[in-house]
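Two complexes are shown next, each including chain A; its partner changes from chain B in the first to chain C in the second.
Our next item is the complex of A and B:
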């Protein structure tokens, strides 16, 4: 019977290993959330509400918060309409040659090193304009956002049973109407989720903004053609500074960014079954 | 028969598809054109030598980014190597063992990790992970195993190839987990039934079934590698940023993306540096494209086989 025992021991050992690995895989998240919260809250408490509203000189990150909002908003305005149309195209032609190439391209762009997008937009916009700007930063973010939105749109639409389309065609509805007026509204929830998750994702991006947005922390941004800061970019700058006060500031800013991200991401994530990241 | 009118569907979607293709192609062309001067000047040595001499006189400038290429590959291999057992263990636990509630929580946590802004990982790593690794892992490794070339020199600051690799492993593990978990879930139940009916234990069943999803695990690794090699800000904060061509993972290194992030801002001062950095970007571009295409293709082919 000794063979039987070895198998049983192996079985127990296996379960313990697997559980330990699973916990180890998600443990860093707890540590990160706790550390950022613990370190960030003391900074914010020490400065008070000025931390949210003040400029960097006053000990606050107000301009960075406004910058993040401006960049995210403008990138959504640029990126979402195009991405929705591409997603609908990919849904409509899953098997045609161009449809397949489109889907592959979207997946490649999804995984693409984001810093390269920043370099590209720098060459395209920043150099001709002669200055970093909200427009350049937002365009870089829009390029990063598009594949996410498109993939989500295509996937949530393809989950709608084909009978709805058959019914639409049976009533003599044309293709555009059946896709835009019938299938898209049914898949609205999934599409909306994709939009929100993509927005949350680009709001935290740093690398594509390095050479496009420029950074502005001593005053509030007032123009789309002027340089702008963002919370993530500010953290990147502060962490590299040798001053302890700047590090404290970075923790505070990280807490603000984390809270914004979690506040958007968790409710959406809880309300649905699967996401693609 | 009526002549086909231009379809409203096509009028709306075609321009958008053309825009996306145009963006991608113009990106590739931009990188190619901007790298040409660097190729003219340094030829293939740009990728095959380890020199970085920025000089005011453009004739004295010399560049070769081999150390950065090496660092990118080295850190990403460490990342995939560490992330792989984590994501396999996680997938098995979530699919086979975890009760439904725990399962949902674990999946949500993993998704949050995959989406968390990378700069937050960066801050955490600079102030917590790197010092912790230095004291608890890197110093003991050097003390005990310094005869192995991998650990041949002590780490002075903790900012090193190993730190970057481990940070990347934490960042890409959720991503690899998602691919492996989804594939593991896709295995038809009849195989599991068959295994159990032979009297196999759960461990033996899992071992057997993993043979079935091996291609999916490989593509998960490849895609995780692609993601790790492109990661920029978090890595540039911890990798140490030194042109080191060494097997010693306790030494500071460089990666292509952190090279670009660090040097591009003031590259315009020098004659050739901007072009060299675009050429580095082109290398990353091609690697990223190749790795991701391979991963996507492998995964797609496997899924097709399973669905039949």
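Our next item is the complex of A and C:
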């Protein structure tokens, strides 16, 4: 009998330990969400709608919101098509020399320090052009985004069972159509998840924008070749200021960033229908 | 010089993966509009040979084919032959029922026609799909579910959907790789009954590891063992008086 009890106690102990560790791991996330919401909401309530629409001089972060949207959109337009092509190539030719090099490079690029990407784009575009710009910022973000999209694409396609590939070819469908019209759509959920995660990631990036986007908060951006601000860059600037009012404003901006992130991420993630194999 | 009484004819067919020879000097003739069962234990090369008949073996880069395979007299390994054209003429059904999971029942049957641009109008497409589903004995069961996804179908229904997908292309030959291996007994019986109907119009090559299945459904049978074609002939004759000791051992279950 006693042996039996010890076994049960051990089992319980294990369960409790694992549960405790899981809570410990998730706790910071809830803490961040709660703190940002708590601190941010009071700022936004105090300023009213102007906080979203006004310029910095009026007590608002409007230009930063528009800047984040412009940067994210343009970087997606530049990065996603190339990255999808790279991902499909890495999936389709995994054993070719270029395929192997591509896969290795993608793994390195995934973890590449983002500030170095900023420096690189500064050398490449900002210095020759003589100004920070939307284009430079978006290019830096596109470079950061591409390996995520490519790796997610290649991974989710390679998880599709080989039998579907055989079935597609067995119908006399050529290689390009098999990949684009059959295998990629079956892997749709994984590919879109990759797009979403990388878009959300670049929407919140700060370091690569420091030397590329510059910052613009007193007026709305009106040209792709002029400097632009972003919410994350604004938070970085505001927190460096000694003024308490600026810190409060940073909390408000953080809440806006978080809401944009969650509002984009959660509905799309939930609406992606899983393809049942 | 075309030998038109045969749907498929192999001449000194050899297939290897790297240094590993999996099909050795096979000469075989498969008559038109019959069910030809290719039987043998696991790993004897049956599936490999079947995949050479429509050249999807080429998806495996290591596989090398030499010799000839003639479909209705034409050597499909002759230089200049487009493998996608060969594949359009030979429908394939797989061991694991694999309708495309992201497409509806209707779209699954339509996909080959659409991607190969083989139909001109929506009406023609719909007619062809109803015809193919009817031919695969599935229409009555899915008539109200054409817009549903195949994940809702049973294993046997999925496999008949795959058969319909192949038939929609109007092939002359149906290649079936252990089509009932993952299907329950009732589904298996339906598919076997379907073979009797289909052989009126098509030549069927059925790979099976089950001698009883070969006996039930085939007109001719070939016994493949470790890449060698041990024996080939009329099913009745081979099961009653096998010409080789190996065949006899296999049929009595001594050879696994």
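Operating definition for what follows: the second predicted complex is superposed on the first by the 243 of 277 C-alpha atoms of A that agree within 3 Å, B and C clash if a C-alpha of one lies under 4 Å from a C-alpha of the other, contacts with A are read in each partner's own complex, and residues count from 1 in each chain.
Rule of thumb we're sticking to: a residue touches a chain if its C-beta (ideal position, glycine included) is under 8 Å from a C-beta of that chain, and two chains touch if they have at least 3 such contacts.
Bear in mind that the values here come from a model prediction, so they are computed numbers and not experimental data.
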Considering only touches as defined above, state whether A:165 meets chain B (first), chain C (second), both or neither.
second
Looking only at chain A, is it chain B or chain C that touches more of its residues?
B
Output check: A:52 vs chain B and chain C. Expected answer is one of first, second, both, neither. What do you get?
neither
Look at A:173 in the shared chain and tell me whether it touches chain B only, chain C only, both, or neither; answer first, second, both or neither.
second
Could you look at A:268 and tell me whether it touches chain B, chain C, both or neither (first, second, both, neither)?
neither
Between chain B (first) and chain C (second), which does A:182 come into contact with in this model arrangement: first, second, both, or neither?
second
Examine A:196 and indicate which partner it touches, taking first as chain B and second as chain C; both and neither are also allowed.
neither
I'd like to know which partner A:73 touches here: chain B for first, chain C for second, both or neither.
neither
Touching chain B in one complex and chain C in the other: list those residues of chain A.
174, 177, 275-277
Going by the contact rule set out above, which residues of chain B touch chain A in the complex?
7-9, 12-17, 19-21, 23-24, 26-27, 30-31, 34, 85-90, 92-94, 96-98, 106, 108-124, 126-128, 170, 173-175, 177-178, 201-204, 206, 223, 226-227, 229-233, 237, 257, 260-261, 264-265, 277-278, 281, 284-285, 288-289, 292-293, 296
The chain C residues in contact with chain A across the complex are 51, 54, 56, 59, 61, 84-88, 90-92, 94, 96, 98, 100-102, 111-112, 115-116, 149, 151, 162, 165-166, 169
Interfacial residue positions of chain A with respect to chain C in the complex:
95, 161-174, 177, 181-182, 185-186, 188, 275-277
Note which residues of chain A are touching chain B in the complex, please.
7-8, 10-11, 14-15, 17-22, 24-26, 28-29, 31-32, 35-36, 39, 81-86, 88-89, 92, 98, 102, 104-109, 111-117, 119-120, 123-124, 143, 146, 150, 174-177, 179-180, 197, 200-201, 203-207, 210-211, 232, 235-236, 239-240, 247, 250-251, 254, 257-258, 261-262, 265-266, 269-270, 275-277
